[in-house]
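In the two assemblies presented below, chain A is common to both, partnered first by chain B and then by chain C.
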Partner chain A sequence: MTDLLNYIGLGIMAVLNGPALFEIGGIGLPVALVMLAAGLFTGIAVGATPGLAGPMAMAISLPLLISAFGFTPDALLPVFAFLIGIMKGATLGGAVPAILFNLPGTPDAMMTTLDGHPMARNGQPRRALRIAQLSSVAGDSFSDIVLFVCAPFLAVVVESYLDLPEKTALLILSISFIAAVMGASVGKGLLSVGLGLIVAYIASGNDLTPRLTMGFDALDAGVPLIAAILGVLIVGEIFATLETLWRNNRALDVKTETHGTAQDGLAPGDLKRITPVVVRGALIGTVIGALPGVGSTLAATLSYSLGARRARRIAGAQPFGSGAPEGIAATEAANSAVSGANLIPVLSLGIPGNAAAVFLILAADSIGGFNPGPAVFAMPEGETNPQLVVAFGIFTLMAIGNLLNWTVGGAVMRSMSVLARVPATRLLPVVLLVSLTAIYVQETSMFAVWATLAFGVLGYGMRRLAVPVLPFVIAFILAGPLERSAREAFSATGADPWFLFSSPTSVILLLMAVAALIFLGRDG
Partner chain B sequence: MRHPSFRLTPSRALGAVVLVLAVLALLVWVPNDTASGYVVSKRGRVSIGDAMAPALAFGLLALSGLLILWETRNFDAPGQSDRRGPALLAVMLGICAAALTVMIWAGPLAVALLNPDETYRNLRDAAPWKHIGFVVGGTGLVTGLITLVEHRYSWAALAIGLATVLVLIGAFDLAFDDLLLPPNGDQ
Partner chain C sequence: MTHFFKPLLAAATLCATAITTPTATLADEWTPPGPITMYVGFAAGGGADTQARLIAQGLEEKFGWTVIPQQAPGNSGLNLAAELAKAPADGTAIGMVVSETLSYSSQAAGDPAFDYENFTSLATTAEFQLGLVAMANGNFDSWDKVMGAAEAGTPIRFAAASDRHADMAWHLGQQVGIDFNIVEVRGGKGVMDGLRGGDVDIGWVAGAQSGPVQQGEMVNIARGIESPLANSPDAPMITELGSDYLLDGYFMFIAPGDLDPAAREALGEAIRDVAEDSETDANGLLSKAFGGPAVRTGDDLDSYMTKANAEAAELIKAVSE
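Up next is the complex of A and B:
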């Protein structure tokens, strides 16, 4: 217990005692805190801009951050601070255009339009924004607390009870689960996973001759990680959205403006009305967020539907869809609670569950010195585990990020409403150039830029054929650990071809993988 | 007239293509493009070879193709019938390819025309030469795509493109000594 408290103290000090970026009134501001605030405000701005999303901003800023802070372990907390800030800010900012202009800034804010915009149209945009802020930050804070408690516990359980065959089976279960729950069908989910694995296996084997390169020298070092991920995730999205804008004659830019009245602002009794809805939404979002691949949109939809059903049963309750505060609260608490809980599988198992988590893993992978997984939470006797200090530093940053969101988040949200007016037709080509430049700066190779465009075409095609893109990215990241763990398990069991069935735990995990594909998939 | 459920929809075509390509890869690509087999035995120690993981991945791909065909056996949405989407994607890619080509060659061309005693390689870290390709190509990329999506050219599109490259030069090139803007790292 004393060791644990020591690590928590070291994590907090790593954030607060870090090098000062600048001084205000003789007091130095730690670089990690400044980066957290900068990331948070950037995230709110990005969330408030239709067409942009948190992962896009994370992708663009990562090469800049690495250039600024370098590849030393000292860079980890400032870089994570900025990325976590974006993640938290974007969740909050997405509600701004949803409420003010009936236009969700991020996909998970779609349900916020249902009650947020009617309330704004009724002359109460500030009230709607304030309810969204309070619910969103409450949901986020709750799921962060669950993360702080559960991630170390889960990691310790995994490290204590799972051997190499079971860890391989766990990775198979994670990939199967993601394939089953994302997208239109299990077949398309598996297709996405298969493609991700194959691309990752190009030139990544143990032999001296790189595999699957088809004789192309440019592929001898494998497919650039950043090109594959940004291509499918960001460039593919840009191509698909530009096509939609072109087809629909800029339909995404159509906005309905709202104006406040004198009675605008939080009404008496609002907090009492939304509290039970926020608690329920936070629980739903946290449970769903802890499962890799299940997005915040599902959490928001589930929470909203439950709230609407409850409102219909209570006599005199304001119906959902008419500007009910409970409608905004149900959605925002649930979709924000997903983001913290999504980091549980990342930090404890090294398994990313959403796009934001992918970029946190990418940052850790690029900088080095922090490998998300069970080893992060190990407490070896007689020595300090620097990864655990970083993990508690991350938790500290998340807690401070929530504090900022509680205090200044609302004011920043309101000030960002002007960004919803930026037309996506002009913004997305700019984002494309910025992304390609950022990739070049990191890889210093035009091949990486061409490869990014090629993966962009793949991402576009996948979207048009309703093949989910996130399983591709997650499988691409997990392909290496999966093969490595299988190789080690095979060797450790004396070349037993049935090593995956060597223990009841791994058999159960494999059965769960098959069950996920059969029972969780959506037919056609 | 054929039964509607037997129409070749995009999903069914996808399932069939994926299945055929995965089987071909399993039979031709993986065996011919991996140095070791599925299992390797070296000095009495048996380990998993480089072909195992790709073979399993292609097996998964074949299974996904079969599943997609199975899932669409009774009904599948016909999808978009027009070919404007792929055509627009081709135009967008054309704009990107043209802009990147200009980005690569504009600098060397400017040096060849205006400073023939030098090579671009020697000047790739010297302003204004190092910025020429990025400014022209980058501005072209942004302006071209805006013009395409808005169905009209505007001076605002050009100004946005130019402003973007200037901000990027400031953010990457002026702020960091060790960073190279495209295409200067390849020259």
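Up next is the complex of A and C:
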């Protein structure tokens, strides 16, 4: 117990006692805190800009952050601080254009438009924004607390109860689950996962001659990680959106404008009204967020429709869709609660569940010195585990991020409404250019740029054929651990080809994988 | 007064160096033509990886060079060698491996491209503190318990971080009559993570175990080197247990073949400077976890590599019979 408290203390100190970026009145501002605040404000701005989303900003800033902070373990916390800031800010900022202009700034703010915009049109935009802020931050904080408690616990359980064959089976289960729950159909999910695995297996493995390169020397070192991920996730999205804009003749332009009236702001009794809704939304978001691959949009939809059903049953309650504060609260609490819980499988098992988590893993991978997985939470006797200090540093940053969101987040949110007017036709080419430059900065090879564009075309094609892209990226990341644990399990069992069926736990995990594919799939 | 003497002193030192060691000026004049990519042949976050990164940090601080560490783990360091073979031989690409990468592993791979003469050895940093490690107070915390478990028919999972380590595990098993389940993992850190998680039972670790051993978490149940281990002087030598060979070697930096001699000397001496300077973090780590710095450069290093290659040929012959 004292060990744990020590680590928590070390984590907090790692953030607060880090190198100072600059001094104000003789007090140094730790670089990690400055980066957190910068990331948070960037995130709110990005969320408030329709067409931009948190993962996009994380993708672009990651290579730039790495070239600024370098590859030493000291770089971990400042880089994570900025990325976590974006992640937290973007969930908050997404509500701004949703409420003011009926345009969701991020996909998961879709449901916020339903009640947020009517309230704003009724002359209370500030009240709507304030309710969105409070619910979003409450949901986020709740889910972070669950993360702080559950991640170490889960990691310890996994490490002490799962042997090598079971770890392999767990990875198979995660990949199958992601294939089953994301996208239009199981078949398309599996297709996406299969593509991700094949690409990741190019030139990896234990052979000295790189495999699957088809004679291309440029592929000898494998596909650059950042090129594949950014290409499919970001560049593909840009291509697809540009095409949509071109076809619809810029249909994404701002429609309605709203102006506040005299009695705008939080109304008396609002807090009491939204509290139960926020609690329910936070719970739904946290549970859904902890499952890899199930997104915040589902959490928001579920929480909103549950709330709407209750509102219909209670006599005298304001119906959802007419500007009900409960409607905004239900959505915002749930979609924000996803972000913290999503990191539970990331930190404890190294399994990313959404795009934001993918970029946190990518950051850890590129910098080195921090490998998300059970080893992070090991507490070797006497010796300090630097990874655990980083983990508690991340928790500290998340807590401080929430504090900033509670306090100054609202004011920043309100000032961002102007961003909704930036036309996407101007914005997206700039984003594309910055992404490619950022990739060149990190990889310093034109091959990486071409590879990114090629994967962008792949991502575009997948979107047009309604094949989900996130399973591709997650399978790409998990391919290495999957092959490694399978190899190790094979040799540890004395070269038993049936090692996956060697224990009841591993058989149960495999059955769950099959069940996920059969029962969780939806028909396209 | 001091500011008057300083330039004089500097000039005097410079002259002295120039007179006594003429080649030193050659090396002094050499600066890397660009940022140095330092490939690290070990898994991120492990002891050897930390060592490489601290040396990189020391080179940046002491010499003002830009050094970018980049992971290139796997295949006992040969993945790194393959990467390095494609890099320019101008001092902007170096890599940290172990001496057996360019002796045992390159011979076992059978690809002449990996021959040690096709690379430039820069400097060693530390000698292996190689132990056969198990969790303290576990079922395998002494060699007798390992033998006992094997006799009782328990399969024993033996973690090895390189081909040579795996072959030595096999050789040791053959000599004592145990059929180990040999698991190849990534680095000493992989071995220790496996021990902690109960995925493996025993494994070779070349120095990174010293912290956990000092803290009583793990034990060295045997040693693979001639001299007694700093932390476990009583651990028996594996040759006493039945092995015909030892498992010694160095952590070392290499560069592509045909490196300019001035660059070779400058880089080698720079690494020596960082490793042996008690002010650097790298030296702190080497002293704490790797039994202190052990730097060999130039002809001395070349002669060691020749000897290591002769011994490796012998072991390969023995295990393939």
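Keep this in mind: the second predicted complex is superposed on the first by the 523 of 524 C-alpha atoms of A that agree within 3 Å, B and C clash if a C-alpha of one lies under 4 Å from a C-alpha of the other, contacts with A are read in each partner's own complex, and residues count from 1 in each chain.
Quick note on the criterion: a residue touches a chain if its C-beta (ideal position, glycine included) is under 8 Å from a C-beta of that chain, and two chains touch if they have at least 3 such contacts.
In this text, all values refer to a predicted model and were calculated from it rather than measured experimentally.
In the superposed model, A:Leu164 makes contact with chain C only, not with chain B. Residue contacts after overlaying the shared chain place A:Phe370 against chain C, while chain B stays out of touching range. In the superposition on chain A, contact of A:Leu212 is made with chain B only, not with chain C.
Of the two partner chains, chain B is the only one that A:Ser185 touches; chain C does not reach it.
When the two structures are aligned on the shared chain, A:Arg487 is found in touch with chain B and with chain C. After superposition on the shared chain, chain A has more residues touched by B, the comparison being chain B against chain C. Residue contacts after overlaying the shared chain place A:Ser503 against neither chain B nor chain C.
Of the two partner chains placed by superposition, A:Ser415 touches none, neither chain B nor chain C.
Once the two complexes are overlaid on the shared chain, A:Ala479 sits against chain B while remaining clear of chain C. In the superposition on chain A, chain A positions 206, 208, 487, 491, 495 are in contact with chain B in one complex as well as with chain C in the other. Note for the complex: chain A touches chain B at residues 64, 67-68, 185-191, 193-195, 197-198, 201, 205-209, 211-214, 239, 242-243, 245-247, 250, 425-426, 428-430, 432-434, 436-437, 440-441, 444-446, 449-450, 453, 457, 460, 464-467, 479, 482-483, 486-487, 490-491, 495, 523-524.
Listing the residues of chain B that touch chain A in their complex gives 10-11, 14-15, 18, 22, 29-30, 33-36, 39, 45-54, 57-58, 60-61, 63-72, 75-76, 84-85, 88-89, 92-93, 96-97, 100, 104, 134, 138, 141-142, 144-146, 148-151, 156-157, 160-161, 164-165, 168, 171-172, 176, 178-183, 185-186. Residues of chain A touching chain C in their complex: 70-73, 159-160, 163-164, 167, 206, 208, 220-221, 365, 368-371, 374-375, 378, 380-383, 386-387, 484, 487-488, 491-495. For chain C in complex with chain A, the residues that touch the partner chain are 40, 43-45, 49-50, 53, 57, 68-71, 74-75, 78, 82-83, 86, 109, 111, 155, 157, 179, 181-186, 193-194, 196-200, 211-212, 214-217.
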